[in-house]
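Single-structure report; data block below.
Letters are used for the chains, namely A, B, C and D, taken in the order the chains are written, and counting of residues starts over at 1 for each.
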Amino acid sequence: MTKIALEDLNAAPRDAFVRFLGGIFEHSSWIAEAAAAKRPFATVAELFAAMRSAVHEADANTRFALVTGHPDLAGKAARAGKLSAESAEEQKGLGVGDFSEAEFARFQQLNHAYRERFGFLFIICVRRHTKDSVLRQFEKRLKNSRDEELATALKEIERIAALRLDALVEAPDRLPVYGHISTHVLDTHGGRPAEGVAVELVEIRDSGKPRLITQAVTNADGRTSEPMFSGQPIAIGTYELRFDIGAYFARLNLADPPFLTRVPVRFSVSAPEGRYHVPLVVTPWSYSTYRGS
Amino acid sequence: MTKIALEDLNAAPRDAFVRFLGGIFEHSSWIAEAAAAKRPFATVAELFAAMRSAVHEADANTRFALVTGHPDLAGKAARAGKLSAESAEEQKGLGVGDFSEAEFARFQQLNHAYRERFGFLFIICVRRHTKDSVLRQFEKRLKNSRDEELATALKEIERIAALRLDALVEAPDRLPVYGHISTHVLDTHGGRPAEGVAVELVEIRDSGKPRLITQAVTNADGRTSEPMFSGQPIAIGTYELRFDIGAYFARLNLADPPFLTRVPVRFSVSAPEGRYHVPLVVTPWSYSTYRGS
Amino acid sequence: MTKIALEDLNAAPRDAFVRFLGGIFEHSSWIAEAAAAKRPFATVAELFAAMRSAVHEADANTRFALVTGHPDLAGKAARAGKLSAESAEEQKGLGVGDFSEAEFARFQQLNHAYRERFGFLFIICVRRHTKDSVLRQFEKRLKNSRDEELATALKEIERIAALRLDALVEAPDRLPVYGHISTHVLDTHGGRPAEGVAVELVEIRDSGKPRLITQAVTNADGRTSEPMFSGQPIAIGTYELRFDIGAYFARLNLADPPFLTRVPVRFSVSAPEGRYHVPLVVTPWSYSTYRGS
Amino acid sequence: MTKIALEDLNAAPRDAFVRFLGGIFEHSSWIAEAAAAKRPFATVAELFAAMRSAVHEADANTRFALVTGHPDLAGKAARAGKLSAESAEEQKGLGVGDFSEAEFARFQQLNHAYRERFGFLFIICVRRHTKDSVLRQFEKRLKNSRDEELATALKEIERIAALRLDALVEAPDRLPVYGHISTHVLDTHGGRPAEGVAVELVEIRDSGKPRLITQAVTNADGRTSEPMFSGQPIAIGTYELRFDIGAYFARLNLADPPFLTRVPVRFSVSAPEGRYHVPLVVTPWSYSTYRGS
């Protein structure tokens, strides 16, 4: 996606500004209009704050309309390919395309129960979630009061908007919408960083096979040149870093036959915007790991 | 299986002795006959030594007949249910019953290649192996010379016999044919053994789902009341201890939301008669493990 | 010291019984008399319970007399060599003989302040303490009420008595008056117990040099053949296990020049009757330790 | 000491250049003269390379004169205060001022033995050494051949010169003459960096009390704002990082009474120009440490 420079937004005619940012909050160009009047913005954080203020200052009916403007999650529109481009892209991460009939039915039943109970659709910032955590949220939020759910829905709408805005605007800063998973492999058999260790990051799912997210190889400092995950929220869920320690020590002609081959380190992410640094301190016969910093 | 006391074997008429022990070495009651003459035995180790001596002192033709008396591995006899009771029981551990057509075909092809090359059947003490390690052995041994393979086959026959004898005879001692997997969970958040941690031992296979071997719960000393594995050889392969650490710290109202849920510790067993003590030293945010003693 | 068998105490004439046990509670043979009437005892724990009951059932004046029958701690009697044999032996562990003038003065001042405040002498089971922890107890207990201190004094007298009784009587059981410090060295560079590691246990003092308590060498299982400490209470204080790891790895021709030479592991003991198992899991470049079980 | 900018050296008249750098190699301004002719230098590394070339290209007699121009180590001149300013400053780090008579005698005896054997004085870059490691070097080098010792002396002279030059010249780069000791404290009880932990770095000496080098307190990232050691060579020897873990967990109201109070981590430095990153991963009941990166 082509990004727009913040300075261009600052300089753009009001109409163009609204056209660019009208979709940040779904079907609610009035929010972009309100922000247009507060230009110029030095940072994307200021721009987003102006949009949030517009939401907070709106009357209850207008805010309610914002909530009702979002589509079903994994609903008929998604199946029929009738979502807005942004919604389609966001729901894709959930793997809607791979849902079984039973899963679609489960989501439809929950959407239905939610709408019956609250009078509006279930809204969640799906890019912060896995299928498993969405289902848990569905069940948890169905127990809320209507007022709690309205507040929760607006909070989720803001999260969706922040992600869209961050992706769209080129600015000196970024919105704090991104998580980070990194690792570091220390070889305490040799007393040095472990170079050349193949590492995978996979998502572990309640049912179904693990999903490979990325793979990398450690460099001379025992780190990967890029973080294992960055630049987007980490979907709430369970992950595994898998270190090919057997091959590493085999190349050093150590530990044949090996005791450790592939070392799996499994951990849960509860903060999609969190930093998860998970080092491995390893010998052919032992290892330790921890949530580092 | 009913065991026979060593003292009863010592006191039995020669014919009865041979009847009891004639199947220890498949189709080779002459070995039991030779041992019968050396009675009495104080230990089963002495009894087994006498049987091994008979093999070692036999002439080459007799030893060769011993090698050719064993059935195909995962071959037509296994499929058709025409094995001796002992062989059937031993091959069962390999999961022959669950083999796919492709796997049967692979074993048949290897059996065939082996017989073509050496003029006798591939013999291996299957209770020391998983399907994956048998295949690796097949490929490795196909590269041996005929003399090496005859020696290897006799070595494997002795291993089979030792397991059969140990299972059959009640004696003050046991033959060293058994492996041992154990664990110990220390909670260094609380500074005490971790009690009530559910632990599973599973076998990890090159293809197909992990196979659950046993499950247990740690006691007040952080150990399981029985070892996770004992009393038989550990099939050469890859295993995983899985510790339900999330539930343990949740009961202590710690770490909500959790970082660690199920901690997998994966390791390889290369010595079926080895002791594998694999402790877990754990907090809600870290753990270490090592091959202990 | 010659021990007396519990069965002999059970069978002894009443006078002999009282003569044997009259010094268990200092200057208070009436406690032994009361216990004599409850014979026979199956265990030393039962015998001690009978003596404690006598104390608990005594009237306030008698109990007070028990408290006032004990000597000053590190007082003039100690200096002049005028203590009962038991008291002399017990105070010796504190190193009274090595006290500086300033330390004697400090103890005298505290003894004096205590006697002024409460009307009786400061009593403490010195074998459970180091000089440093006695001073801390002195300061802490000076803030108590008189009733609290009477109760504390009686509790300490019971502790003193339990140690004396356990040392005197040979029985099928022992009183729970002993602590335990042990270790275990695992070499995770080699994947095996570390054999031949010299280990020292020293007491660390607020001032003055560390005091060597014991030294040992690890066996093939990475343990010491005897615990580093056992058979008496561990004086409340700070200890250090010192592992000569440099020499161990040097013998294996590893890590030259070394990163680790002597590894000190320092820990505090607050429970004199506790079990302190402190393992070391070590490579030439790393180690971990923890309070184990 | 006031530094001189490299660009000023490049622009200076030849005489001034030689005056500034004439003492870099003791009593050997011919080396500065040779370097002057090769100006300008983009980096101090280039300047030093030019000076080293002059040494390497000099004839044997000239090089020998360089070796004989250095003073005794801890000799009469040092005692009598008759060293060049640079030599005095360098020998100070060794603690010559605190030497006992016996130590002076030992050094004099070694200096004498060395001079007798080789015909020139013992030269060593003392800033890379502790008293203990100098003595070990003395004994080791006394076993060398004369040619080996001439080469060693020149190597040490270059090390001395590199340190002097780096300290004198302000340049875009620095010479690789500095070591680095740093730490990082992770609290895996709480799952976060340990903030506010007091840390000391001390030098451990074969005899005599440990010498405090620096103290610091960890910040919110669990690190110290400055490295524990940097900006000069780490004298070859044994060091201890001491972490006041007891106070840290006491502030969190954890572990009362404490198991860990002051955690000592002792390690040896063999590379004065090395990076020694020694983290501590700690709970109230356990810790691990390793040579990190």
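One rule holds for everything that comes next: a residue touches a chain if its C-beta (ideal position, glycine included) is under 8 Å from a C-beta of that chain, and two chains touch if they have at least 3 such contacts.
All of these numbers come straight from a predicted model, not from anything done at the bench.
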### Task
State the chain with the largest centre-to-centre distance from chain A, centres being mean CA positions.
C
### Homomeric contact chain B-chain C: same or different residue positions, threshold half
same
### Task
Compare the contact pairs of C-D with each of A-B, B-C or A-D and report the one sharing over half of them by residue number.
A-B
### Message
Using mean CA coordinates as chain centres, what's the gap between chain B and chain C in Å?
### Response
49
### chain B and chain D: spacing of chain centres that average the CA atoms, whole Å
58
### Query
Where in chain A do residues touch two or more other chains at once?
186, 188, 191, 259, 281, 285-286, 288, 290-291
### Query
Once bound in the complex, which stretches of chain C touch chain B?
186, 188, 191-193, 221-222, 281, 288, 290-293
### Contacting residues of chain B [partner chain D, same complex]
186, 188-191, 255, 259, 281, 283-286, 288
### Query
Which of the residues in chain D end up touching chain C in this complex?
238, 240, 246, 257-264, 266-268, 270, 281, 285-291
